[in-house]
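Got a structure for you, written out below as structure tokens; questions coming shortly.
Labels run A, B, C, D, E and F following the written order; every chain starts at residue 1.
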């Protein structure tokens, strides 16, 4: 490797994955009327759905030998196990234990996915690697970012 | 208007709209096992969902006076009444009467939307206007077109 | 060249270019009120504008020696001369002679661009080459196709 | 609501809207020649136009009861009143009072939209809510961000 | 299934896949100079590359029982075996036997992929199913369609 | 210019360009087997390729007279000279001297492009202008950002 990586270089690597899920925005602690006032047609009884696009960013130093921040195959495996298996082709209100007693808004999803991935990545033996950002697009127009703050 | 429109000009005008819906692929005439074999995780009990992107194409002659094929405001109203009101933020299996006793695949949705729009447009007092194509993207990767054949 | 091109193969080659232009939808033969009724805010006095995306399709047989339908460099030159020079960074109502006395709707633009390119391509010494389709996206949601019918 | 929101969670919520406008880059304090030198064909007399894509980001804590950062219906109303009504289907040089005596570059637009939205959001009774970023895409290739610095 | 599928309905189902490949446009029967004249920098010695986006369309009648034109899992398998295994992460000039003695233009790729998929689909026991179109985007701007003509 | 620019305004201006290149991920210091283990099919002998999308962000104060951060024509020239000429239609392993003895991962490319552009922009006579971010999309799914840290 030439001298490009002689000094430490902190990069941010992003990976997009999509999962297709149904959800209903409804808070059981509130009345039917209050729910409609807050969530409008998002509170319809049987739920609706989205192609959720998730854009995960990790950060850390480029490895001098491989030129990678992190093995992309390993990242794919983690996202398959933690995200696809948990959320894809599911109804978020019924099928995801972590979202029970939650209103599964995009904000809440972003926070949950951060918590899941941050714990998983924290245990990887790479001092510099860190989860940097979770961004979810509910539609092409709406997105939520969470950075662990 | 200058001579560009002196001779008849047949154009195809497309308009995209999006609706967010849940669905479950499950045929009640088949066993649980057969459904899983055919539909895989699309047959999960509570359903999942999509941002359906609908691309409607109408065809006909450009009007000499307005330079339009068809009044876009009127087309928007039709799509609002027939598509958004019927499908948006709904669970296709539970909330859409026309889809009862159906497996709401993208193919079936395309055919249903054609039937609905074709009937609606047929009654418009414009001899040349016709529905040309209904195209639905279930995801960015999968799409179905129906042309009334 | 191996035998893939032993028999004639008719392909359709598409090329996208963008031009940024202003326009106003207003028919001088009609009253101010009629214009507002037909064109709404598109008839605002000073005009508004778009990033027009043009998708040109030509068709013909793949050349046995080059593997091309048509020299892409030559197509780029034609589009630069006929489209970019004529429409880019212009106000369609004021700066484009061919659109004088026209309402510059997307339908009219598609027809005009067809006429311009069809004449230009007709004179190229390639028996099989033909303009197949002009498609213009006025926005990401609205598009017009013209095929010379 | 379960314990996901027991601790404060700062999220960034983005919403995209589009407006179609004409503009001309021309500084009245400079000569015709200087304007052409600086702005090139963007200084053409009658202006040109764009589909401006605006990506607004607000930040703050997720509400424990609703799971929202901010009511999306209220945000839509604000963007309709402040952005669409002011800029959509307008000629920025002629129709927008706040841009008089300005060269309406994308940089200037980003700054103006920040000032308008920051003032509007500052008055909302939600201690944590803040405008975080205004990003405008003039075309798919060019964008400007302003963060209030 | 209700009466939507009582009469035969011919639909067109499209599936997009991407493969990343290198290629060089160079005809061994021509001189270095002639190659540069025809192919420009596409003839550079070591080749360059693309994210090829392939959009395959099949057509046929919707199955009355499943609501599908064709089993999507089977289509995925076919595309994996015939397209991904053959072209992905390959140098088209060196690694693809079917392209030896070819100039691997997008036109030639479209024709080759048609031939491969048409033969594979022809043998499927479904009277109505047919390959309808192969469309390849070499970049976001350039695309080639082949329909078997 | 009106009072919008009376106080200093720091903006971030982004510009996207694309280059098409081949590369092979292979570390000469490692065995064939180790390379396959680390890089998988990215280590295939003749390389593969991508449509690299580069999104460059510069930052600084809006100029009071022009309303620009920086002359876009000058930025285009810099990107043409430094990026397009160096990388477009090249094989990164063979044709780019700066990448000799490197594994040309997207991480390494981002770092190299930062070094090149940062040096070029540093010499421009504009106290406030700075390179802010280099972001490269190798595919629509994978991206790397480098901010000079």
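One rule holds for everything that comes next: a contact is a pair of C-beta atoms (placed from the backbone, for glycine too) under 8 Å apart; a residue touches a chain by one contact, two chains touch by 3 or more.
Bear in mind the structure is a predicted one, so any value in this text is a computation, not a measurement.
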{"item": "Where chain B and chain F overlap in contact partners, by chain label", "value": "A, E"}
{"item": "Shared chain contacts [chain C and chain F, defined touch]", "value": "D, E"}
{"item": "Counterpart interface for A-B, drawn from E-F, A-D or C-E and sharing over half of its contact pairs", "value": "E-F"}
{"item": "Angle of rotation relating chain A to chain D [CA atoms, steps of 5 degrees]", "value": "120"}
{"item": "Centre-of-Cα separation between chain E and chain B, whole angstrom", "value": "27"}
{"item": "Chain centre separation (chain D, chain E; CA means) in Å", "value": "42"}
{"item": "Set of chain F residues in contact with two or more other chains", "value": "140"}
{"item": "Pairwise touch network: line, ring, star, complete, or other", "value": "other"}
{"item": "Interchain contacts, given as pairs of chains that touch", "value": "A-B, A-D, A-F, B-C, B-E, C-D, C-E, D-F, E-F"}
{"item": "Residues of chain B touching chain E in the complex", "value": "25, 27, 29-30, 38, 40, 98, 100-108, 110-112, 115, 140-147, 149"}
{"item": "Residues of chain E defined as touching chain B within the complex", "value": "1-2, 4-5, 9-17, 57, 62, 65-69, 71-73"}
{"item": "Of all residues in chain A, those that touch chain B in their complex", "value": "18, 20-23, 41-42, 44-51, 88-91, 93-95, 139-140"}
